[in-house]
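Residue numbering begins at 1 within each chain, and the chains themselves are lettered A, B, C, D and E in the order written.
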Amino acid sequence: MGEFFSKLFSGTIPLEAYIVVSLIMFFSGIYGFLSRKSLLMILISIELILNSIDINFAVFNRYLYPGNMEGFFFALFTIAISACETAVAIAIVINIYRNLNNVEVDSMTELREPSANETEIKEVNE
Amino acid sequence: MNFLLIFILIPMLMMVGLFFANNRKQINLITLSGSVLLLLSAIGLTFLYLHQRAIGNTAEMLFITDVPWYPAFNIHFLVGVDGISVIMLLLSSIIVFASVLVSWKIDTMPKEYFIWFSLLSAGAFGFFISLDLFTLFFFLEMSLVPKFLLIGIWGSGKKEYSAFKLALMVMGGSVLVLFGILGIYYFSGAESMNLLELAKHTIPLNIQYYLFVSSFVGFGIIGAMFPFHSWVPDGHSSAPTSVSMFLSGISMKLGAYGAFRVAIFLLPEAAHQLAWIFLILAAFSVFYGAFTALAQTDLKYINAYASISHCGLLFFAFLIFNETAITGAFLQMISHGLITALFFATIGMIYSRTHTRMINDMNGLMKVIPFIGVSFTIAGLASLGLPGFSGFIAEMTIFVGAFQETDLLHRVLTLIAATSIVITAVYILRVVGKVLFGTITNKHHLEFADATWWERVSVIVLVIAIAGLGSAPMLFSNMINDSLQPVLNNLMR
Amino acid sequence: MQYTLLILVLPLLAFVVLGLVDSRWKARTAGTIGTTVMGIVAILAYYTAWSYFTTANPGGVYQKFIPFQMEWMKFSDQLHIDLGILIDPISVMMLVVVSTVSLMVHIYSLRYMEGEKGFERYYAFLSLFSFSMLGLVVATNIFQMYIFWELVGVSSYLLIGFYYTKPEAVAASKKAFIITRFADLFFLIGIFLLSYYTRTFDFDVLNSGNATVFAGTAGLSFLGLSLMNWIMALIFIGGAGKSAMFPMHIWLPDAMEGPTPVSALIHAATMVVAGVYLVARLFPVYYFFAPEVLHGIAYIGIFTALFSAVIACTQTDIKRVLAYSTISQIGFMMVGLGVSGMGGHHGLGYMASMFHLFTHAMFKALLFLGAGSVIHAVHSNEMNKMGGLRKYLPVTHITFLIACLAIAGIPPFSGFFSKDEILSAAFEFNPYLGSLLIFIAGLTAFYMFRLYYGIFWTKEYKHEHIPHESPLAMLLPLIFLALVTVFAGFIPFGKFVTNDGADYHIHIDLVTASVSVAVAAVAIAISTIMYRKENKISDRIVSSFSVFFKIVVHKFYIDELYMFITKKIVFRLISAPIAWFDRTLVNGTINSFATVTQWTSLQIKGIQTGRVQQYAFVFLLSTLLIAALIIFI
Amino acid sequence: MNYSSFLQMQEELSLLVVIVILLIYDIFAGEKSLRFFQPVAIVLFSIHTILNCIPHHPFEIAGGMYHYVPMLTYVKTILNLGTLIIFLQSQHWLNGEESINRRGEFYFLTLSTLFGMYIMLSAGHFLLFIIGIETASIPMATLVAFNKYTHKSAEAGAKYILSSVFASGLSLFGISMIYGTTGTLYFDDLSGLLNGTPIELMAFVFFVVGLFFKISLVPFHLWTPDVYEGAPTNITSYLSVVSKGSAVFVLFTLFIKVFGNMIDQWQAILYGIIIISITLANLFAIRQQNMKRFLAFSSISQAGYLLLGVISGSATGMSSLVYYLLVYMFSNLAIFGVVSVIEDRTGKINIRDYNALYSTNPKLSMVMALALFSLAGIPPFAGFFSKFFIFSAAFQKGFYILVLIALINTIVSLYYYLLVVRAMFFNTNDHPVESIKSDVSLKISLIICTVAILLIGGFSVVYQQIALLGFGI
Amino acid sequence: MEVHIVFYILSLIIAVFSVMAVTSGRLIRSATYLLFVLLATAGLYLILGYQYLFAVQTAVYAGGIMVLFIFAILLTQRPGGRITPESVKQRVFAIILSVAGAFFSGFIIISNIGRVSHLVDMKEIDSRHIGMTLMGTGKFQYLMPFEVISVLLLACIVGAIMIARKRS
């Protein structure tokens, strides 16, 4: 037991630990995206997703390829990109709010496959 | 400038001319002069061809033009003719001429009608002169859209259904053909899509099987072989007269011609191995079409099923693989093309007067419209194989060829196919008897006017062609025969 | 003898010209053209006959000539259809028969058909028929024969259906064409098989008796019969169809719906004997290579003869009586051929058959034309609308009587001689057969005189207007043919036509002759008693055999059987189900592709809900699935 | 630090110049001179297009981060042409009451996304690639929501941005894994390092679905019909032609250049994707009533056909693909041109509204019919040739069954294209679309498309020029 | 040792608040949890020795983006209003898929990452180096993306303004 703990608290922090953290963050984001009702909540989930990817890049760079700064810069640019995305997404959410008076994702279903009674299906064979 | 290109250029020019035409007179002038020119060119080509052969030009194909088109795929714009193509061109130009005259007075959107019709004929002409797989397929597909529109806009009855059915089924055929063509090109290893070049390469037999089935069934759909014929009755019956003439006179022949030029010529080994399946289908097709025609009451349906029967005979003849039968098949192609065109022309003339095609609603028409009646009877007699008309020659040649094969399968199938001779007589005479003979019961029918001059000219041209082929068959059979040798050599390798 | 080509070309030209002018010329012009052409043809035919029979037997054996031959269609190096003219005894004989009768009919029709709508058309068709029939008889090969065979078929169709507004005529023409066509199918198959094994269509080669020609068929048999037997039987079926042998006889009585001169020409004298001619033409082949079939022909012939003679006794339509008598007489000819041997005395049957063909053509044409004259006078075909006409139609009466006597086999009229030869040939072959034949001959005499009395004697029918004798143009042919009938028996036929070409001297077999004449006389006597004056004897006899009589009047219900087969079996059980199959199954399958596609399309629309989270769900799920698949598989 | 090397990127720079000029013009010009804004924009962009249509020598700058190969000039020219035609078609709409004061933004955003595509096409590094793809898609969302006062457009914008961000999230995750296993993001270096270990495969799949999303392949297509329906029609055509076209080309180059070692795996993936894309899209398309939804499914199925060129992975496939793109662009834009003008003038968008269109607008319906036939692959229109080539390319590499399935699907696609033709030509209508007098720029655009559809096939020079460059990667 | 403890604390924060951010019923709370996660992530960068990233993360994310979120929330939400809870079915599906996805990717990554890693001690990356790398045009230098992303940013600003602008 003690050995285990000492292992946990000695040497370098294993790469896998970072990966696990980032995966948890990533899939929490996924879960949020798939289940939340509010568009803003979904955006929050997206932030989680993107942020977890930044961790990945930084960790890989630092642990595996410290020679140059590919991951570092990728993370840097990803932050910028996510900022852009968020800006535009929030603008659009506000636009949705103006149009629909709410930000519920379920109210965005005007665009969908029309049901059978809405379209008349003409058979080829009369 | 190659002489053959005229056959594509004239329809193209007709289309351009029609596009700028702005009254009825101009439209008629353009179409008539175009079709006359086509007819003259076809006759001229026939003589040129005979001349070339007479001076000892023994090349397999004459008047070849070879322009590289898409070098990356070895696609060339390659045209040339042998005797078979020449007579197919002759047939097409005659039918185009007759069809144009038949639709002389078409009243809705004549300009568009003739534009599409010209495109349709360009496709057929192009198909018959192509020697390159790609151009062949190109022209084959080209006729699809005009057919669809011509039937859908100018047709009658359940025209939309028929137009869709025709378009989709023919497309199905083309798809299989395309698959076959791609296979032939890539598996032969030839650096060319030239038919003659490809024929020199042998494709492994196990692959040939697939390609043969694909391409033969594909062409079979276009050529209305049982059980892929179901677009024919609907398509023909809904189409306007001249399109019906064209469809059964030429379009269905594209299938048979293609089956011969592509499937049989390029895949001879598989053709030999698999012939029996299709032979059974074709023989059954003959029998089946005839019997189905017997049960129909709509004139166009009757002729459509008759066409299925006759075209079945055509495929049957191809698959017998001997010189006589194949010669017969080509004779049958021309013969059936002309006869069925005459049939549809006269049916159209009757329909335009009675506004019905149900044989039970008509009788005694011979009395009021004798010219049309006689033409119809001639078509009927020619169709049932009366000597002196082309049908006889064609059928006899096919059967003489078919009887050269002694094994049981061939014998039985030949006998089955031969029964159509009688059944044909039954349904033809039934129709003639019901529609033309007897006394007129419908008072309105007494007021009909007989054929107008354009109808007369159209019918006379067709009758002359039918009788001409029927009384001097050697001219044509020799042309076919001359050109068959390479195919047979390939087939027997 | 190149001029023989004109015999074919002239009628064809006449047909084309008359057919094209349609009704633009006066009727008389058209008739004159047709008749003139036929006259020229007849003269040419007589000249041909004269020059052939006088010059063509240098060694006592008639040579064959082919004055004209061209290749018309080539199937392969060996098989090709030639169109040519074969001059040999039987073809020359037929030329004479056809052109004579045709000419007579042409002349006769000038008045008989006067005023009919479509007179030009009528003459055009007559010319077409003459052309086809002449082409048939001079055919050099079996395929040429088939071609003209079909052409006579169609001209017969056109002429039977001449009155196309009459439904019966239309039906009759259709029936005639279809039944003969059905028979022709077998003929054609026979030709194909024959030509496949012999590699030729030529009569010359086929009839050479050379076994090597048929070497291909050696040892081949099917169902116990040798292949040659099959082939020749198939070919005979074709002949049987044209010649209305049982069971394909039913079209001929109906064919009487056509104009009467047409019946005289086509359905009595010429076309219907084409079957006989066909067998005669191929006689060596039958004799040497298919003897069983030849015997079969004899039996079919005699059965048909008996069968139709019985029916003839009960019919009341005079043309139908004549039609059945024609069938019966053709049966005689078939018997003659069937029992014949080869050469010399053995070839008697053949010679007799040809002889009978010749005489029968003349007297049967005469009978029909006479009947036409009667019909012309009373405007009806039914016997009960006639009676006592002898005073009004004296010429017709006499000529008709002559013909009746001839057909009844009373000497010295021509029928006696030819029939007698057949009888003796049959007796030599099989006495029972001969006896039966004599009985049939008696029946013939009986029904012919029933007819004769029915028309010219018995009680007079009250006509609305008094019947009058036909005009001269109609009487001339009658008189001419009557003369021929009277004297033709004395032609030394054996000198001209035998199956080996050699001279054969006809001698009357006194026993047979006397027996047959006696039988005929008795029959005539019975007929006289029963029908000369109106009396109840016939009715009584009828009522005592009522069931049998009913069957016979209905022609043994053969027509009904045919109707059953065509309507019920071909239409209802074959054609209609196939059509149903086509519309429902074949078409349905094709349509079902469309339907299934549409249906699937409808079923899967749930994928597209419009909810973006569900989209993302599918997105991620697919990604994981693809990843898993690609990694683990 | 050789900054002057950047001057070699003349295509991007010239586009930037256009963007900047337009931006300045839009901001600083007065009300009067703004009337000429649109003509100026179109002229400037045409000049840009013409200046950059000749390929030159390949080069790479920024240490291989930016690649140029001659083939790119063609692809970019195709995109330019597409954009130009869309500009021409959008004139009337932009002059509308709602959008006239936002036209500057329209041009700016469209050209920015185009710039993003340029970058994406030329990228030799995943970072640049991602930036390019994001530049092509994030502003696109604002374009989709351009008609922001309409519910549909707003909703489409939201759906697009959400789906797009989700897709790019997965994509970035994939890239991070690729980086984790290889340590580099340069395409040139990567090609040798990736050998298909499980983690690489997973990374590959996560990465590539982002592109599939942009190409809208089944099952990553679900956003497509909704967004196509909601977006302004001209933006829909931009999405379906320009955006999709660039993504397909990039997919091909990436597959060859970066994932060349994993060819078996990606061919297997594509195999399945192509089949379900074509089939499912076709099945959906046959029951559509809304023209834009219909075209959405049609474009999904067309994307499936485009991938036939990709799956072959050969030089023939590449040239067929580019050629197909060109033809597809003209055909699709012709249809969208007609659809947009009709929607713009009458607000009618259902196929049923097109009934008897031929009787009132023969020219428009004729153009539309030709374009539909071209899409269906009927000769003598260009679509036939492009289909034939792309099928050949796939067949050549042994995808026989795939080609057969795709071929059979062309029957279904013919069916639904003909449905529209039927509506226009066969059907009757009590209230047909009134006769439309189209503006000059639309006419020009339709004439360009029609002429191209009619002539590109027959004159092989176009294809030969493309094929001359071979692989061009 | 201290690094470890810090790491574990940060990991815990990230894990817990990530989950809470996507499960919380109130928007404002979610946003706050997100802020914690972002800041904890910044902490991780610090552990890794990427001070520059730490700064950017804090400034851009925690500073910029969060402000945007707060604005958006305030604009669209009534104070204290709870959002409609998601349906159970949707939750279950989402959980299944995300857990499956997590295990799948985790399994693949952990079992295949291959290279045994040792954190090499590295001297602090100085801003000069970062600047040189960012501004260079050679390999492993990032001027090009830097320039290009400016277009992205500009386009996004213009687009966002266009969309968010009120009807004039």
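The working rule: a residue touches a chain if its C-beta (ideal position, glycine included) is under 8 Å from a C-beta of that chain, and two chains touch if they have at least 3 such contacts.
Keep in mind that what you see is a predicted model, and the values were worked out from it rather than measured.
Listed by label, the chains that touch subunit C and also subunit D are A, B, E.
Think of each touching pair as a link: the shortest run of links from subunit C to subunit E has 1 of them. Here the two chains linked by the largest count of contacting C-beta pairs are A-E. In terms of the distance between Cα centroids, subunit D is separated most widely from C. Among the other chains, the CA centroid farthest from that of subunit A is the one of C.
When every chain is reduced to the mean of its C-alpha atoms, the one closest to the centre of the whole protein set is B. Remark: subunit B and subunit D have CA centroids separated by 42 Å (rounded to whole angstrom).
One inter-chain figure worth recording: subunit A and subunit E are separated by 9 Å, centre to centre, where each centre is the mean of the chain's CA atoms. Subunit B and subunit C have centres, each the mean of its CA atoms, that are 37 Å apart.
Our note on geometry: subunit B versus subunit E, Cα centroid distance of 71 Å, whole angstroms. The residues of subunit D that reach two or more other chains are 127, 131, 134, 138-139, 141-142, 145, 148-149, 157-159, 162, 166, 177, 180, 198, 202, 225-226, 284, 287, 415, listed in rising order. In subunit B, the residues touching two or more other chains are 160, 164-165, 168.
For subunit E, residues touching at least two other chains, in rising order: 90, 93-94, 97, 101, 105, 108-109, 113, 140, 142, 145, 149, 152, 156, 159-160, 163. Of all the residues in subunit E, the ones that touch subunit A in their complex are 1, 3-5, 7, 11, 14-15, 18-19, 21-22, 27, 30-31, 34, 37-38, 41, 44-45, 47-50, 52-53, 56-57, 60-61, 64-65, 68-69, 71-73, 75-77, 83-86, 90-91, 93-95, 97-99, 101-102, 105-106, 109-110, 113, 115, 117-120, 122, 125, 130, 133-134, 140, 142, 145, 149, 152-153, 156-157, 159-161, 163-164. Of all residues in subunit D, those touching subunit B in their complex are 316, 319, 373, 378-380, 384-385, 388-389, 391-392, 395-396, 400, 403-404, 407-408, 410-411, 414-415, 418, 421-422, 425-426, 460, 463-464, 467. Across the complex, subunit C meets subunit E through its residues 613, 617, 620-621, 624, 627-628, 631.
For subunit C in complex with subunit A, the touching residues are 591, 594-595, 598, 602, 605-613, 616-617, 620. Interface of subunit A with subunit D (complex): residues 26, 29, 33, 39, 42, 46, 49-50, 52-53, 56-57, 60-61, 64-65, 70-71, 73-74, 77-78, 81, 84-85, 88-89, 91-93, 95-96, 98-100, 108, 110-114, 119-121, 124.
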